[in-house]
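The structures come next, written out as structure tokens.
What follows is chain A paired twice: with chain B in the first complex and chain C in the second.
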Partner chain A sequence: MSAQTPINPDSVNVILATDCGSTTTKAIMIERVDGVYRQTHRGEAPTTVEEPFANVTVGVINALTEIQEVSGRRLIDDDGVIIRPASGDEGCDIYISTSSAGGGLQMMVAGVVREMTAASAKRAALGAGAIVMDTIAANDRRRPHEQIQRIRELRPDMVLISGGTDGGDTKKVTEIAELIAPAKPRPRFGKSYELPIIFAGNTDARPEIDRVFGSGGFDLKITDNLRPSLEREHLGPARDMIHDVFLEHVMAHAPGYDTLMSITDAPIMPTPGAVGDILQTIARGRGINAVGVDIGGATTDVFSVFDGTFNRTVSANLGMSYSISNVCAEATMPSILRWVHIDMNERELRNRVKNKMIRPTTIPQSLEALIFEQAVAREALRLAYLQHKEFATTLKGVQQQRTVGDTFSQESGGETIVDNMKLDLLVASGGVLSHAPRMHQTAMLLIDAFEPEGITELAKDSIFMMPHLGVLSSVHPRAAMEVFERDCLIYLGTCVAPKGSGKPGRPCFSWSLDSGARGSGELAFGEITVVELGEDETAELEAKPARGFDLGAGPGKTVSRTVRGGTVGLILDARGRELSLPEDPEHCRQAVSGVIDAVDLYPEAVPPGEGSAD
Partner chain B sequence: MAKAYTPGLKVAASTAYQAHRVLPIPGTLRVAAGDVVEADTIVAETFMDGDITPLNVANLLSAQPGDIPQLMLKQEGDAVEKDEPIARNKGVFGMFKSECKAPASGTLETISKATGQVMIRGESIPVQVKAFLPGKVTEVLPEEGVVIENQVTLIQGIFGVGGETSGPIAMACDRHDQRLEASMVDESMQGAIVVGGARVTSEAIARAREVGVAAVVSGGIDDADLKDILGYDLGVAITGTERIGLTVIITEGFGDISMARRTHDLLKARSGDSASVNGATQIRAGVMRPEILIPVGDAGVSDSTGSTESGVLELGTPVRVIRDPYFGLIGTVASLPEAPQVLGSGSKSRVLEVSLETGEVVTVPRANVELIET
Partner chain C sequence: MPRIELRNPLAWILGALFAAFACSTSAPASAPPQPPTELSARDKPWDGGGVIFLEWTASTTPLDQLQGYEVLARELGVTAAELADQTERAADAAAERETESLLEGEGIAPEDADQQARLEVRADPVAVPVEQPEWKSIAIVPAGQTDYEATGLEKDRSYEFAIRAIGADKSLSAPSASSPPVVPEAAWFNLSKLPLLVALVLISAAVLVFVVLARGGMVMKIRTIAGLKAVDEAVGRATEMGRSILYINGIQDMDDLQTVAGVTVLGRVAKTAAEYDAKIEVPTSRSLVMTASRETVHASYFSAGRPDAYNPDLIYYVTDEQFGFVAYVSGMMTREKPAACFYMGSFFAESLILAETGNSVGAIQIAGTANPSQLPFFVAACDYTLIGEEFFAASAYLSGQPDQLGSLKGQDVGKILAGLFILVGVVLATIQAISGSTGLEEAVRFLKDVILGS
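Right, the complex of A and B next:
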């Protein structure tokens, strides 16, 4: 079957999808069972981008072969080719893939004003699934020769330049281009690679940009201005151009990708770009606000959709293995240890953190090690979300009409659009969240780090299937949606948490489920409890916050809502928002111990001596 | 010198080693296939484009960008000296002319009519690649570099800081489990690769730097000591460019941990011989570990006893536990249960039983051991 031939959705019965990560290639098989698409089998194999294989398709075929073995369905023929189309118990109809192997897509972006066009360019690059190595702007507080020095040090896959609104000044954006061209940033893929430059700035500046980069060594691509006016951000064409260049240049230079591209039925997408796509599809489809997080060994990605606006951030050095030491450095050890309720030796912990950094594939064996790792994860997630909130803002530089009523408000554009009270769904993925031994731990990691307010559903990506479904949504949206709802997400339950603060022991909120038929009660400030509500169950919640507390309807106002259960259930959290732990270490430890007991977070006591045998 | 990540580190008494020595950009080779080179022989060199210094002449002369070409005293391609006038405005009635001086020496590369910006390109920067490993040039990569081959004693460390250096091996610790203290480092070790045993203290490294030691190799280091040495808390293990006056290589990990006996014995056996070491570590996709290379030459080291690079876990295979609660302990595989087991953390994982040197048998996740050769 030739690549990317038109697909008739109705004739699709078997779909194969792979995600080629830096270390592992994960494959899933989706089959139509009784008229509904379900994810049925999975396989994985080491990614083979590096020597001695230096061919990504080897890992892909290995991962698919594992599915072949467990499913009993013949997928690969004797020549090592994927059998298409499906017939009987052989082959598949669609094969698609995402990729983040070899460090993913690495970009440098530039704009004139850091908070305006440069911020928009960064949003476009991140939304396309890139890692942004640096953002150059005329006002980035570096002197021109320092900017040039920085550009020379970087080895990006491509550069995105924006700047100027259409019809506005062309000089500033040309100046930025004039810094980049002579700096001659060296591409990652060696001397034969012409560095792609995407220009998405003031349309009037195009002739000058053409002149600046026309001298050779660059492959200039021009697309629509991503900030045609200060009031409008138009990221679509720039994002599409990034994807095109990613396929044409970056992927084509990665080992074995030419073959991989020729066998997929849809363009290969950068993994985070695909995750963003599926989250947007779901948020749009259900009419909700959603946040997704993927915490890996090196980086943490946060995706959000609020009122239809999508944002993605990559916290490049917040991760649980390669970057764990950086998390400890940024968060500081006291912040991490506030989540720990048992005695730990700080010097020993610091050495353990470094040992995890240099041997990233090890896993916690003792409960003590798990408790510490989850404490680090809370801080990594908290910091990543903070960065996301700072980035996901309304457009800066927009002139706003102000009324007399606005006179005393300080808002001038650039406020975060992330509103935890409006958040409906929080989705977790990544090793430390997905592989936590108990779902309760995953739920509490999310609650402690993200501090959802009001009523929020919590879920986790069962086997990190969101990238696969993101690409699938571009060729077969129905299959993507059905698998997402049925197999991708595991619902943990719903968190109910009023905003506000009070004195410990004073009333916070009262609640009843199905008019009391499934329970009712009252929580004092500082308490937390879990009410059983099964995976496929819903119930009518009525919750009345005490004075000064808000569950979304306003301070003290009752909220009635259908809530969804899950593997954990309904988590009633009266610890207040913002969540603050006592400063005094002993009081903090008591508070954390109380939460751990109430939620039954670590049912096993730490066996004596465990974790101290170093 | 990058190596694919394997669960075990390579430690070999004698192995054929190929050093790929390549330039970052195309250049000229200084050696030919078959040549015998020393560690400090320059094998290839090139010139990188010089630094760029931008200067907005239009702003400085309060002129329109479009007028700048007429105001320039120097043209594109001209050589300029630092502080030499390169542009001058017309002044008022020919008076009060102001000048613009070159902020750096180099060549005037571009003059922009659109922005009034000029670019001065500095002198080309020479880039040289040394052989690093003494040996024979076995392959020439035109315009790029060479491959040098030699039979070496090879020891990969787990982590290092500092770049390439070379010198004779000098033993500071006689035993593999002996801590490397400042008092064990003396002036005779100047320029040497000093080998410790267990943990090296920050005082010992400070002393080594004082006497001009080229590199320190030891079993472990404390995180706090590393922070002392670097002056900052290392966040991500991508190292090799630190300028701390010497190279440090750790063979086992962080904390109080002894160097593997075999590694120590190998280094001891090569005491006095010249070694090439590189502390550069990169723990990301395409893992790179620090390395110690000691050409075998006429040293009469017996031929390869096999390497410890990744292999199959079998009963009796020597392993090192690389995570708490048994971190650093050494033993042999006692059994390999098929079914996953529930760990103390509550996670389910495939495990193995390790018979420790003390005789105790412990259960450990398979992900938490690495192969070693005793």
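Right, the complex of A and C next:
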């Protein structure tokens, strides 16, 4: 089958998907079983972008071969080619792939005003799955020579320039182009590579931009203005252009990717872009607001979809191994220690941090090490989510409509759109979350770091399958949805947490499941408890918050909703929002110990088996 | 009365009856009321002089037969010092005359004659005739009142007072015994203003304490003011759209505090505009405001490191005439379509004209004024509005300097105190209205007239 020919979804029975990571190429096989698509087998092999192989397809074939051996289905022929279409016990109908090998897609973006067109450009790049190395703007408080120096230091795969509304400023956007052109940023893929420049700014400035970059050494691409007016953000064309350039230039220059592109049935996507796509597909399909997080060794990605608006941030210095020192520096040691309920002084904590830095691939070998690592993870996730909230905002520079009633409540532009009360689904992935010894630990990491309010489902990506499903959703949305629901996500349960604050011991909310048939009770402020509600089980929850507490219907108002169970169950959290722990270390330790006992977070009988593998 | 001769008993009876009738009808009408007694006069303490407080005992005439009391006063012609001076000069003249007569008549030595004349004058002092002015009526008070505060008197002059009762038929009693002379003197302190002094000390202390704390590194949290936070947004919009920023400092001169506050905010806006390399235009309706604005904008461009970008021609005087100025600015807005408009200062009827014009050209508008009557117009037509105190707090908010922040916090203490007094007053007045307690009435009066009234 030739690459990217039209696909008839009804005739698809076997799908192969790979994700070429920096170190590992992960492959999955999806089959139609009893009319429903299920993920059936998986395989892994080292990525082979670097020497001695210098050909990414070797790793892909190795991973698929592992699936072939496990499943008994013949997928690769004697010439090392994927067999298509599927027939009998051999072959597949679709093969797709994502890639983050070699550091993924690295971009530099530029705009006139940092908070306006430059921010829109950054959103477009991040949404397309790129790592934004730097943002150049007219008001970034750097002198032109400093900006030029910075541009020369970076080695981006491409540059996205925006600036000026249509019919607006042309002078400054031209000035920015005139900074970039003479700086001649060196691409990663050798001298013959013409650095792609995507211009998505003021249409009136196109002739000038063409003149500036026309001197050679650049491959200028022009697309629609991503901010045609300050009231409207139009990121689609810019994102599509980034994908096209990614395939045409970046992938074409990476070892073996030309071959890989020729055998896939859909364009290769950057891994984070694919994760974003599947999250958007799910949010759109179920009509919900969702947040996804992927915590790695060096970076933490946060994705969110609120009221149909997608945002992605990459916290470049928040991770669990290479960046662990930075987490400790940003969060401060006392903030990390507040989550530790056992005797652990700051010196011991510092030693553990440094050990993790110099041996980044180690996993916790003792309960103390696990508790420490999960404490750091809580703070890393919290900080990454804070950064995401600051980035995911309404547009700035927009005219406001007022009435006299707004005299004392004038809201400004640029407010965050992330609202924990409206959050319906929180999805976790990444070593420290996916490989926690107990699902309860994963759930509590999410609750403590993200502080979901109201009623929120918690889930984790079982085998980091979201990238595969993201690219699959572009060619076969139904298959992607079905696998996502049935195999990708492991539902941990549902968190019920009222917003508000009170005095410990005072009533917080009362609850009943299925009108009391499956349990009922009342929680005092500060308490937390877990009610058993198994996977694939649902129940009718009726919860009545006390005065001053809100579960989504308003302070003190009863909420009734169908809640989903999971491997953990129904988590009733009456610790209040915003979550605050006592400042006194001893009281803090007692409070955290209480929570750990209530949720049975670290039962002594269960050894900390596999820890995080970043 | 006609003379009647009583020659027979009938005539006697008729005469007795007539006499009795005459007594019963004319005697009460002709009898004047009794004067009040025990009049005392004293200088009002702790005042600026010119006020004497009078008290007397009411007239023995029944209250229903009294219309009121007439307060009489007279300024004594000479003061004691003046009287002593006049007496001394009269004694000197008498002694001189006596010396001359001695020298003429007895042939005595001049020194002895002078000494003898002075001794004689001293033995028989000269009475200096002092002319006392007439009594003047200074007030009439109701019959039930037995005190009065005489005001409008001259400081350091001596006064006497007397009171006359006024009968129901407007007949006057004899004046009461006059009060001893009393002088309305000015005091160093006015203790009636003591609550104000206490409040002043408290607020000043609060300001000083907060300034010291702020200098010591204490974080002074100030509520976010959306209008000031949006300055960057408005200037950024102008930059992205390639249009200018319009800044109006109100239509008053530099002696208006709002204009001064407006010029302060202009400094911040101009600095941001310099950083973004945006064009800022400041038409003014007062020449002094133009000069001050030029200085401010120049300083802002300098501090932003862009002195070369400063263009004084963009800050110019239009006209003092209110509607001439408004007509020019509205026309300019319609033609040039600025992307951001700032109205910071004292505005009157032109507020809505400017704000509506700005809105129609699609500009982000930020206004700030302390004129309450204009605030609704700005709130409705602008994106952001600094309301009253927010406008004056802007300089502290923008600068972030410890002294200004501390001062702002200290003033808040003053406002809290005033709020507390009002709250206590309202509660007391309510309870008093329900209970009718006179003690509470006195407390409410003290709060209303003395503390809040001062």
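Rule of thumb we're sticking to: the second predicted complex is superposed on the first by the 601 of 614 C-alpha atoms of A that agree within 3 Å, B and C clash if a C-alpha of one lies under 4 Å from a C-alpha of the other, contacts with A are read in each partner's own complex, and residues count from 1 in each chain.
Criterion: a residue touches a chain if its C-beta (ideal position, glycine included) is under 8 Å from a C-beta of that chain, and two chains touch if they have at least 3 such contacts.
From a predicted model like this one, the values you see are computed outputs, not experimental measurements.
On the shared subunit chain A, the superposed partners chain B and chain C are arranged side by side without overlap. If you stand at the C-alpha centre of chain A, chain B and chain C are 100 degrees apart, rounded to the nearest 10. When chain B and chain C are set side by side, the one touching more residues of chain A is B. Once the two complexes are overlaid on the shared chain, A:Thr393 sits clear of chain B and of chain C alike.
Applying the stated contact rule after C-alpha superposition, one finds that A:Asn317 touches chain B and leaves chain C untouched.
In the superposition on chain A, A:Ser71 contacts neither chain B nor chain C. Of the two partner chains placed around the shared chain by superposition, neither chain B nor chain C is touched by A:Ser510.
In the overlay built on the shared chain, the residue A:Thr170 is in contact with chain B and with chain C. Legend: residue contacts after superposition of the two complexes on their common chain; A:Thr416 is shown touching neither chain B nor chain C. With both structures placed on the common chain, the touch criterion links A:Ser474 to neither chain B nor chain C. After the two structures are overlaid on chain A, the closest C-alpha atoms of chain B and chain C sit 5 Å apart. Residue overlap on chain A between its contacts with chain B in one complex and with chain C in the other: 170-171.
Those residues of chain B that touch chain A in the complex are listed here as 4, 7, 24-26, 49, 51-54, 56, 65, 109-110, 112, 114-115, 117, 119, 121, 158-159, 222-224, 226, 233-237, 253-256, 281, 283-286, 322-328, 343-349, 364-365, 367-368, 370. Note for the complex: chain A touches chain B at residues 22-23, 49-52, 101-103, 144-145, 148-149, 170-171, 174-175, 178-179, 182-184, 186, 191, 208, 211, 298, 317, 322-323, 325-326, 328-330, 347-348, 350-370, 435, 437-438, 602-604, 606-607, 610-614. Interface residues of chain A, counted against chain C in their complex, comprise 112-113, 115-117, 138-139, 141, 163-165, 168-172, 227, 230, 396-397, 399-400, 402-404, 406-408, 410-414.
Every residue of chain C that touches chain A in the complex is listed here, in rising order: 226-227, 229-230, 232-234, 236-237, 239-243, 275-277, 362-364, 375-376, 379-385, 387.
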